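Below are structures written as structure tokens.
Look at the two complexes coming up: chain A is in both, with chain B in one and chain C in the other.
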Partner chain A sequence: MSNTVIIWIVLPALLGLSLIFIQRLPKLSAVLGTLFPLVFAGLALIFSRGLTLIFIGRVFTLADSLTIFGRTIQITADQLGIIALLYMLCFAWNLVGRLFIVSQWFNSLSLVITALWVSVQFINPFLYSAVVIELIALISVPLLSPRGTPARSGVLRFLSMQTLAMPLILLSGWMVSGIETSPSAEALVLRGALLVIAGFSLWAGIFPLHSWLPMLTEETHPWVISFLQTIMQIGLAFFSLKFLNQYAWLRNLEEIKIVLKWVGALCLISAGIIVTFQRKLSRIFGYLYLSGTGYIVLSMAFQQQGWLNLLTLYLLPRAFGYWSLGYALSLMHEALGSEALRLSELKGLIWRYPRISILLLCSLLNIIGMPLFSLFPSHRIIWSVLASESLPIRLLIGFGLIGMIIMFLRVLAAAIQPAGVINDDKQERAVLIVPVVMIISLMVLGGLFPQAFSTPLQDLFISFQNLLP
Partner chain B sequence: MILFIILGVLFLGSLIIVITHSYRPNTARSWLIAMVTALVAWVASFVMRLYLPSEANLLTWFPGTRYGEILGHFVDYNNWPYMVAVLSMCVAALLADVTRTQPGITHYSWSQTISITGLNLLAILSANPLTMAIAWMITDLVELYSLLRLSKAAELSSKIVNLFAIRIFSTFMLITATSIAWQGEPFLGFEVMHPNASLFFLLAAGLRLGVFPLNLPILDSPELRWGAGTLFRLTPAASAMVLIAHLPEGLTIFNQNLLNIFQVLTLIAAFYSSLMWLTRKTQFEARPYWMVTLSAFAIQSALNGHPEASRVWGLALLLSGSLLFLFDPPIRRIRFLPLLGLLGFIGLPYTLAASGWEGLLPDTFNFTSVILILTHAFLVLGYIRFIIKADSTVTGLEKYARITFPLGLVTLIQTILVLGLVGWPGVLTVGSLLGSLSSLALVLLGLLVGWRLGFNMETETISQRFPPYRLISTIFNFFRKVLSLDWLSNLVNRAYTSLSGLMAFFSEILEGDGGILWSVVFVVILSILFLAPGR
Partner chain C sequence: MTEFLQSLPVYIALLAALLNLVRRQWSLNLVALVVQFICVFPPLLKILPLQLALIHPFTGLMVTLILYLTLLGVGGIKAIDLRHTLTSGELFRGAAGVFLLATLRAFLPQIHQAVFPLVSIDHLFLSLGLILIGLLQMGTIREPFYLAIGILTFLSGFELLYSGLEFSFLLEALLVAVNLLLAIVGSFFIIKDSESEAA
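Showing the complex of A and B:
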């Protein structure tokens, strides 16, 4: 038991699987599904200062690696911050997951998926991570397509893209050994970099390989997809940083910075433009993920200028932004009984469901990065630093942001438009005021005191020594 | 410290009203709390004059890092007069409100009046654009919420969206400006405003004020005519005016051609709005044009390299404007009171607006100067016309209302006088005699013509007595249609619909059966485009 790998990968996965057996007791399953990730996150924070803990006179020392089938998984104390973040995400989504009608496997599989994302970060050699990511995609299927519903095109497209990415990363892994023995082989380096970028682009759904994103968000319950996408986005961000940290040939490649800048800007502009024309909130949600990917990629492009610190300011508010938006959309999903959440269905929403509407509008403003809300401080720094970049990149990002604002205005217009006569006897629960006020207060607090979100993650990237300035 | 007292008192007062009213409703007590709160803040604002400049840092973002920034408040001669003006408006609105018995006037509107004042002060007293952007967002959201409480009418809801759109884009422009001004170092205050960025700051202010492009960020809803409504309409302009006042004098070095375009646009906005102001039936209908004309004056001052001169036009917008708009019911017997509001913007020597001519009339007298003098004269004429039209005799007013209503108006007049004396160093000045006397002559001429017409602006009367009226009216209507920007809105709608179809087609391709292959094709096309310039 006294091994980091067992505690944060094997044990959670086993506990997650064991929850499957008590799925007929949904309350217990939900309680345990919430409690377990919280415990793992807490333990990760406790041990993040060192793998030795003295507790009531007893000394607990954890081993930091485990070899399974000849592959080594190593988790050091420096890396426990990442684990704590991933388990906190799992905790946050399980905390209120029971309020919504989602798959009965959600509690158990979310824990297993988190454990697998943790393992992705620490497997050596890294190419086996590609296989684990494919495994995660497959395990997600019962959540994306619950029992009794046919697998729809979005799920199939998602699986196809994830599967296509795997061989590219595997190929790059084999190529890496060649590059390490002859680092001056420019052609080999370029080919290796190209494969890595292509693989990650497919995984993350970079424009124009993003088609599965809106399809999936349209077909899936907002709570489920928000969890899967958030943990995937953050998990992939860590994984790509590991790549950059580990391989100097990739990190020092001048072209990769240019490509990353353009890819990031392209994600922002494409998300901004396409979202302007969307008629369904569920699809808009997908494009917001695309935009989020753009910001993360941009942060990576400037990692040598100290932007890695910026990512620590950015990740938690972003995750919270997705959480709150996912929560608002899920509430709407339940209230309106609509899967797609068409804008035309939102007529008069502000008077029919004022609390949900306010939460939705604030969540959108937050995720766009408008002042007062938690994502603004980090977005502002990104925009300011980019202001000294080339004009085309500035324009792309500017127009992307304008597109997002127009999208918000369209949602607002739909929500405040008088509904006319609606045969809807559903009443908004008065108790909703409590979570709504709490969430909005947190958003505003994060917008006014950004340190509140960034301080817990201060040492998050300490293990990426080669990327720190 | 005084700064915190002013802000704290306002928010606390608002909170106390809400709490006490929900516990034991009593309208009179709520009004009294609001009144005491506003008075304390108002008096404290005058005391503040003794401690200028003063600053208060609220928060530091990311201290010790390269991204470190400060949120705080700062009072100097640029924003102190605005603070006093907004607080005077709050006091006056509360005093004037008690004459009304409309159902909209409740304890809520009083609580709203003082909280809106407090929120706007947050923006007016911002020490840097970052604080201002946050304060704008808070004010806009509160305004949106309050407007939504007013009415569910479809027409109003679309106007609310338009209004909020303008506000949010103005905030976006402010953020863009601060990003441009960042230049690798945190942007700490207005004093280090980079000329490249200052044009964006001007755009942010212009958008909020309704000048760039000409828009009328006003909802002419009956509910918005009184008390908190007047504050809602006028006070958001104050913080934009502060932004203009902080612009560097070196703004003109940016790009002369671009600057010329801005000047022409501002001039058109000012002239057109002053004409509209002069010819509207009621002052409430004309209110948006009052705002746009004086805002255009302020912007013109900044474009002419005298941003500090914008102060007087901003103050005129707030003080003389609220004096006229709060003069409702327009009681004939006391119409001399709003007439004194002319002191706020007539621009005669040693009045508040005397120093404003410096911003409007550049060193050389040219065609622009003529237009601006004419615009100013129209503004004064319109103001006088609305006061002359005040001829109601109200009976049955409560005894206290007979005192509080005129007292509210007097509050504004005395603020105009005090600011005209001690607003900032150098406020007592002769100004431009050419500007003030020319405008006055035009006003007198206008009054003479008006007297001949019996101050009746009815179309039939004017067309009978003034033959070229029909031609002028046709030209004017043409301009009105062009400047209403409805055509632009239709154009944008059509473009949006067409692009919508295109986007749907694009999504269909990517998400259809051959979507993956199409994605790969697009990746190849993008790669070729990306690599092509390097080859």
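Showing the complex of A and C:
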């Protein structure tokens, strides 16, 4: 048991699988599904200062590696911050998951998926993690497409895209093996870089390979998809940083920075423009993820100028933004009894469901990065640095932002329209005021004191030594 | 003659993959899937020891068994009807598949020389052929069962290609897990669809 790999990968996966057997006891499953990730996150934070702990006179020392099938998986103390973040995400989503009608496997599979995302960061050789990501996609299927509904095209396309990405990443590793010793092999470097970029584009749903993203958010419960997409986005961000950290040929390739800048800008403009024309909030949610991917890619493009610090400022507010928006959409999903959440159904929402409406509008403002909210500080830095970039990139990002603001105004306009005669017996619960006030206060506090969000993640990237300035 | 016999499994496997691409008959598709997995064994045996070469066809048999039992459960297994005339869609998919394989065969020496010089031509033809047919199936079909077969074909081709490049026990174990999970996901889709139809 005294091994980091067993504690943070094997044990959570086994516990997650064991929760499947008690899915008929939903309360117990929800309590355990919330408690387990909290314990694993807490342990990761405790041991992040060193793998030796003295507690009531007893010394606990953890081994940092485990050999499986001749390959070593290693988790050192300075990498435990990443684990703590991933398990905190799992905890946050399981905490209120019971309030919504989601798949009965959510508690168990979310824990298994988190354990697998942790393993993605630490398998050695790290390229084999591509297969684990495929496993995660397959395990996600029961959550994305619960029983009782036919399999829809979004989940099928998602599976196809994730499957296509895996060989590209594995082949890139084989293709560039030995390149470190022959740095003149320029064609190989370019070929390898292309494979890596194509693989990550398929995984993350980067424009123009993003079509599955809005389809999936449309077809799936907002609470489930917000968890899966948030942990995927953050997990992939860490995994791509690992690529940059390990491969000097990729990191030092001048073209990669240009490509990353353009990819990020294209994600922002495409999300901004397409979102303007959407009629369903569920699809808008998908495009907000595309936009988030754009900001993360832009941060990576400037990693050599200390932008990893920016990611520490950015990741937690972003995850919190998705959490609050997922929460607001799930409340609306239950209140309106609508799966797609069409803008036309939002007519008079603010009069019928004032608390949910306020939460939704504030969450949208937060995730767009408007002043006063928690994502504003990091977005402001990105915008100000990009102001010195080329005019086309500035224009793309500017139009992307304008598109997002137009989308917000459309949602606002729909919500404040007079409701008319509505045969709706459902009443908003008065107790909702408590979580709504707490969430909005946290958003504003995060905007006023950004260090509050970034300080816990200060040492998050310490293991990516080649990327630190 | 010996050369022809050595290449025979390659062509049978590709023919089975083409059959899965073209025809829409569950029993026939499962038989073709088994044939495809078994015919991958001789090329693997040329580069791997017997115990390791057996992993892929054995996994394939398990995968097919999972799908077969699921189809049996939902009443999807019927006698194979070989006299069924081809529809325009089937003709299109068949022609597209043959065209892709012919194009691949034409450019194979160049691909072999430029990218995969360590892999034999037959091995490369079978693996890239399966990858292409799998891709075509994934791109042209929306039914979950056939998508699962498409992904299995694609992965089968990729596993074959990658085993010619390098071998790792960990990777092999992970790929076996992917194949089995894919079969379970395919079964899950079949059950879901039959439940929704019944409702």
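One rule holds for everything that comes next: the second predicted complex is superposed on the first by the 467 of 469 C-alpha atoms of A that agree within 3 Å, B and C clash if a C-alpha of one lies under 4 Å from a C-alpha of the other, contacts with A are read in each partner's own complex, and residues count from 1 in each chain.
As a working rule, a contact is a pair of C-beta atoms (placed from the backbone, for glycine too) under 8 Å apart; a residue touches a chain by one contact, two chains touch by 3 or more.
Treat the numbers as computed from the prediction; the structure is a model and nothing was measured.
In the superposition on chain A, A:38 makes contact with neither chain B nor chain C.
Contacts of A:141 after superposition: chain C is touched, whereas chain B is not reached.
Contacts of A:170 after superposition on the shared chain: chain C is touched, whereas chain B is not. Shared-chain residue A:68: touches chain C; no touch with chain B.
In the superposed model, A:416 lies in contact with chain B only, and not with chain C. When chain A is checked against chain B and against chain C, the one touching more of its residues turns out to be B.
By the touch criterion stated above, A:432 is placed in contact with neither chain B nor chain C.
In the superposition on chain A, contact of A:405 is made with chain B only, not with chain C. In the superposition on chain A, A:153 makes contact with both chain B and chain C. In the superposition on chain A, A:451 makes contact with chain B only, not with chain C. Taken together, the two complexes place residues 153, 160, 164 of chain A in contact with chain B and also with chain C.
Here chain A touches chain C in the complex through residues 68-71, 123, 128, 131-132, 134-135, 138-139, 141-142, 145, 147-151, 153, 156, 159-160, 163-164, 166-167, 170-171, 174, going by the rule given at the top.
Residues 59, 61-62, 65-67, 71, 130, 133-134, 136-138, 141, 148, 152-154, 157-158, 160-161, 164-165, 168-169, 171-172, 175-176, 178-180, 182-184, 187, 496, 499-500, 503-504, 506-507, 510-511, 515-516, 518-519, 522-523, 526, 530 of chain B touch chain A in their complex. Within the complex formed with chain A, the residues of chain C that make contact are 131, 135, 138-139, 142, 144, 147, 150-151, 154-155, 158, 162, 165-166, 168-171, 173-175, 177-178, 181-182, 184-185, 188-189, 191-193, 195-196, 199. Across the complex, chain A meets chain B through its residues 153, 157, 160-161, 164, 201, 208-211, 214-215, 259, 262, 266, 273-274, 277, 306, 309-310, 313, 348, 350-351, 370-372, 376-377, 380-381, 383-388, 398, 401-402, 405, 408-409, 412-413, 416-418, 447-451, 454.
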